[in-house]
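Input: structures, listed below.
Common to both upcoming complexes is subunit A, partnered first by subunit B, then by subunit C.
Entry: the complex of A and B
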């Protein structure tokens, strides 16, 4: 397998070499990176805010490709599921798109009466010189709602920068509402996007513990909740890659402490609830007892079935390639819970410390990779003879073409994988793909069956 | 009531962007790798969109512009990108399309490529197509790429008796059927592009860097010597296509036909082949046509007078409109996000036999389709999966055809073309209507 020269240091094999992984850099020209762009990062984070208008400023593609593909649910308004775009044309490119933007925003705000509007600048807006800030300010004054520019020109960095741009936009909302009436025992849920209703599940856990949830940012998000989010007593940050910036600034600005949590897998899920309970121990009487009770009840319900799957999955090998490294930690642990070994793990946007932690977590020989591409991934899957690949839509055909089981753990998925119930879904999903009889009919499956030791 | 001003924004697009079409076309050439010069994100989105339809690996390389490339130009990125792709994939051709960013900064890609000295041995053919999305849709990008390929690779020489066929963005199943038809006529037909294998391939034990299949480069070079070019797409008439390019450069006759959807449009195609080959239509297709018309008769009452909304790329819409009209279904709305300006005339030309008025509109988005649909009392919709929310709101069935189909499997296996394709469409439409009536009936007969 040929690994591009520029990328040699972005692949590490545990045990074989000292750890010195290169990451957080621009994709090599000509490599088929699985990464998206700054815009994608911003869109992923802000999209679930259901009562806001999301307008993509640029030519049509970026908007077309992000129209209603995500499983981010709303319990009320569905405005976010539309795709609105200024759809710039040649003349706009030459003369500038400000006028069109102004008119587009005005019409859409009048039509849909959103609580706020986000305006995403895509690549060419960054070079035709539109003053998007000024247009947003003007519309905001005219229409009386917050109109927030999101500086998400795709080429100006990576998805990570898009997360940051989204957080900057959110920070213009936070603190503009009235926090009176927010209880001392209240939290914000950050970094869960309510895929397949996950935030509803998590929210229920916290409420059963005796906490109040002020804002879910951004899963099933509402503008008014975000505006008063600064009244909460604690920020719980999942998917720390995307929302850390928001949490940090809220700490500096409003003195709200934060905790990193993950809701994937039994250990991480339980830990998140225990940590939160400990935080509120002095404020909410009985919270720790209630939490122990809650976790016990949930586990009682899911563990017997999971044990069955574990019996059949034990010793199987898995590979993981996801957007953010933080999710990968939870996945390695969750797979271990199913008796499976992670032999390859990588992410699009991990940082050095993330990869170090992953290295700690994995067994000897594991391949750790940053910003990989289909050719590398396919060769790793074959080399390590994996039974399961976890990734997103772009990784799926690589696994399937080679006759390997696959589990979608990305933003497009429609299955809840967070929480205790999610762990059960995850186990079913993994079992359902690894144990499927179809593999026997594939070239790789029949070769394996013919081989003596497996 | 004052007439509302049209929305200047696009609300729920009925189109994708130009480089997507170019990537799709390049994927149908043997040994080719699609390459986007410009931003990385576009390539990834395009891949995801195509993968979700075809459910096959779809690698698109990108030169990955950074901020400095927009200031100092992307020449260096382009050269390094091409070298890296050559090293990793050993392609025989690299199809280079551009994203909006590169077009906007006015990069002279042609000049950059002229100055580029490939490190790889043997050097791959480089085909460049300019695909600014602010000028056209994915379908325009598709045709532009096909035109660039023949324009840059086809060669003059000793004339042959072979036929060039430019089918447009049809399905892999359609491409397979076209090949079968060509061989039944004993014609030597070069189909461009041909992603019937590259985007609908078998399981592999070893990953292939570039999937097997596609139009061979040798066939493309020989297109400059063919006897005739056939292209599908009534809205292409008069526009700069691959066939037009071959006519201009090599004087090869260009025949523009509609997508052969339904009996009447298929008849035109078959008789064209018959004329070219000097052979009668092979028996197998004569019988297929016979069975098809027989089924039309058997089921005509179930479908008569039903109202359909048709949407998607312009030439598929024209084909479907022709098909629906000939079976007695009224295509009340024929909508497309396409911008050729020729949709209305093309639909009118094929729906003369329609049982009622037909409205054709190009340059529409789904929000506009929805607003029109609410008034039209359609019985069903037919098109890609992006119309689902409207069908759901209207509580009518959606029959999935064309591209993209992101909410069902098998989009690549839908056959639209020829008598056989019409048979499948006809059965699907009729049975959908029957099922709906049966499900809604208070009685629920199991005998119709």
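Entry: the complex of A and C
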């Protein structure tokens, strides 16, 4: 397969060469990259805050494509599942969109009484020179709620920069509420977006350990909780790509320590709870014992069934291509728990140290790739004779066309994959797709049946 | 109540769209370009645009969707995107080797004023476009029109770049199918074949976005109209342009460029619109309507007559794209139903005129809105003021259907939560039968689900 010269250092085969992966750079123009933009990053991170207004300032497309896109669930308000947009027209591009923005915001805030408003700038807002900041300030003064500009012009970087813009907006909320009454044994859950209700599951674990959850940021998020999040004693950061910036600034500003955690897979999930318990050992009596008990109980429930899947999945090969590299670490470990080898792993926006860690984690010969594209992906899948591909929307049909099982670990997961129960769901889903009889009907399946062993 | 924030009081909104019944131009241009053989659509803008369009098309078709992007950076936004586009053209031909790169612009590249004609000329003069290969473009600013406009603009670009006259008229009829599904395009070809009419149709996404499983990921699937076919459309004896919004601009361009006379028809959705399409083919090609077609029509009439008591006087709300909505509303009237609310986000006053022409006699109370603020929030408010028996539209209708407990038939773009649309046509008499069946099923499933035990019936 032909790989563009400027991309050749973004692909590494473990064992074949010294490790010097190129990453965190702009995609080559003209490549069919799987990446998205700054706006996309900000929008997916912030929109789960369910009692806030989310207004997209720009032409209609950006609002249409992100309308309830991710399945982030709320236990209360559902305002975030609507799509609000200033729907800029040709005349607005010439004359500026500030008046329209002012009018739209006023109307929406009066009508829906949200606790806060986020205003997302799209590409052209950055070019036509609207002073979104000033409009937000003015509306905030007029309406008496925080109105927060999100500097998410699409061209200003990658999704990763969008996460940062989202964190900057959140940082204007954090610290504006009254933290009195927040327990010393309290945490914030950062970087879980409550897809398929995952944050509810995680929250319950911590509560069973005897901890109080001050804010979930942003899954099933509420503005008032975020405003007093600075009263919590510890930040637990999942999906560190999106929320690390918030955690770091909260540490500097409010002295709140943070821990990186992951809730995917048995090892990582248990580790997250044990680490948290250790942190609160002196504050919450009996927390470590309770945590051990909790983990034991959960494992007792899920392990027997997982063992069955493991028997049948042992030796199968998996490939992973996800947005942020951090998720890939957990997936490699979780797949190993199922007896599977990860032979290809990549991400849209990983950093050097992420890939370094992935290389450590994977076996000899594994392909490690940054900012890949469909042509490369399908050739890697075929070359390594993969049985399972884990990715997002755009990767799914590529796997199916090749006759390979697929598991969505992104927006389109329908079952919770986090937590202990999530590991069981994951095992079921992986087994279900890898062992599906449909593959026997495909050329790849027939070829395998014809071969006595592989 | 997921849409509990929707009130029945309709307020004046001039600066705000809520829950849009449209999206932006570039995705339409991308879809049209996918209907050209060995063509790679190219989005000249930020990476996110291309990613969103590919994701949405993938969710709708469950197929890989290939398109490249100029990957704008801050520098490109300041100094213009020419350098990115030139690099992209080189990279695409080196890596993917398509016959055609079909560039569409975005709000960003339009606002900063990139000149596509000039960049393409530069690419050619610098030898970046290999012999026999093509780079074409359509201007598709997201702040003008809608996704339908983008489809129309790319189809027109195909005419402008490729159509030629050799001086010899052939016996072919051009069909510009409009924004319909691959299944519909396949059905249009079938109908023409049965009629004995030689057609030249573009764009054609059949065998691109409904490709069979072969065990390969075909970067360029086997379908799509070829450049040669589009070129020869300049020699055809006439053009049938289906759907005024999606197809008329291209048909007029072809008329002007190659003097191929054009007739603009509604999409052949429903009985009467299909009649007009069949009649158009008959006239243009000078053929007779063969028995299989008359039989198809007869079966449709038979189905409607068998079940007409269930259609009678049912109030329907519909939303989506203008070319679909007009013949669909007409078909509902044919079946004695009452399309009372009709909404499209695509601007164009002639839509309202067309709807009134088709349905106002039968349904004088019909409410129609198009363009800015003609969105699903407004439609929902209308429904809250006076309810309907049926909702027809794309997947985004499911929120309203659930909150108001209205039977819901998915129709249009995008459909993100069901399959079938890419395989089973909605056009032609057979397509109309499928629509009638779906509508009946929606009513009857509800009746079976909600009937009291004593009223539960076996035969319906």
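To be clear about the criterion, the second predicted complex is superposed on the first by the 453 of 454 C-alpha atoms of A that agree within 3 Å, B and C clash if a C-alpha of one lies under 4 Å from a C-alpha of the other, contacts with A are read in each partner's own complex, and residues count from 1 in each chain.
Definition applied: a residue touches a chain if its C-beta (ideal position, glycine included) is under 8 Å from a C-beta of that chain, and two chains touch if they have at least 3 such contacts.
The structure displayed is predicted, hence computed values, not measured ones.
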Next item on the list: Have a look at subunit B and subunit C on subunit A after the superposition and call it: clash or fit.
Entry: clash
Notebook entry, point to check: Counting only touches as set out at the top, which of subunit B and subunit C does A:403 meet: first, second, both, neither?
Noted result: both
Margin query: Output check: A:375 vs subunit B and subunit C. Expected answer is one of first, second, both, neither. What do you get?
Written below: both
Note to self: One more residue to check, A:276. First (subunit B), second (subunit C), both or neither?
What the structure shows: neither
Margin query: Let me test your reading of the model: by the given contact rule, A:79 touches which partner, first (subunit B), second (subunit C), both or neither?
Written below: second
Notebook entry, point to check: Of the two partner chains, subunit B (first) and subunit C (second), which one does A:26 touch, if any: first, second, both, or neither?
Noted result: both
Next item on the list: Scan A:35 for contacts with subunit B and subunit C and give back first, second, both or neither.
Entry: both
Note to self: Taking the superposition on A as described, I'd like to know which of subunit B and subunit C A:342 touches: first, second, both or neither.
What the structure shows: neither
Check: Which subunit A residues contact subunit B in one complex and subunit C in the other?
Finding: 2, 4, 26-40, 58-67, 81-90, 92-93, 100, 103-104, 107-108, 111, 123-124, 126-128, 154-156, 374-375, 378, 393-394, 396-398, 400-403, 442-444
Next item on the list: Spell out the part of subunit B that touches subunit A in their complex, as residue ranges.
Entry: 5, 7-13, 15-17, 19-20, 35, 38-49, 51-52, 55-67, 69-70, 77-78, 80-85, 87-89, 99-101, 104-105, 132-135, 137, 201, 203-207, 209, 367, 386, 389, 406
Check: Mind pulling up the subunit A residues that touch subunit B in the complex?
Finding: 2, 4, 6, 26-40, 55, 58-69, 81-90, 92-93, 100, 103-104, 107-108, 111, 123-124, 126-128, 154-156, 373-375, 378-379, 382, 393-394, 396-398, 400-403, 442-444, 447
Next item on the list: Using the touch definition up top, name the residues of subunit A that touch subunit C in the complex.
Entry: 2, 4, 26-40, 58-67, 78-79, 81-90, 92-93, 99-101, 103-104, 107-108, 111-112, 122-124, 126-128, 153-158, 374-375, 378, 393-394, 396-398, 400-403, 442-444
Notebook entry, point to check: Which of the residues in subunit C come into contact with subunit A in the complex?
Noted result: 1-5, 7, 11, 13-20, 22-27, 40, 42, 45-56, 58-59, 62-74, 76-77, 84-85, 87-92, 94-96, 106-108, 111-112, 141-144, 146, 213-219, 345, 372-373, 377, 396, 399
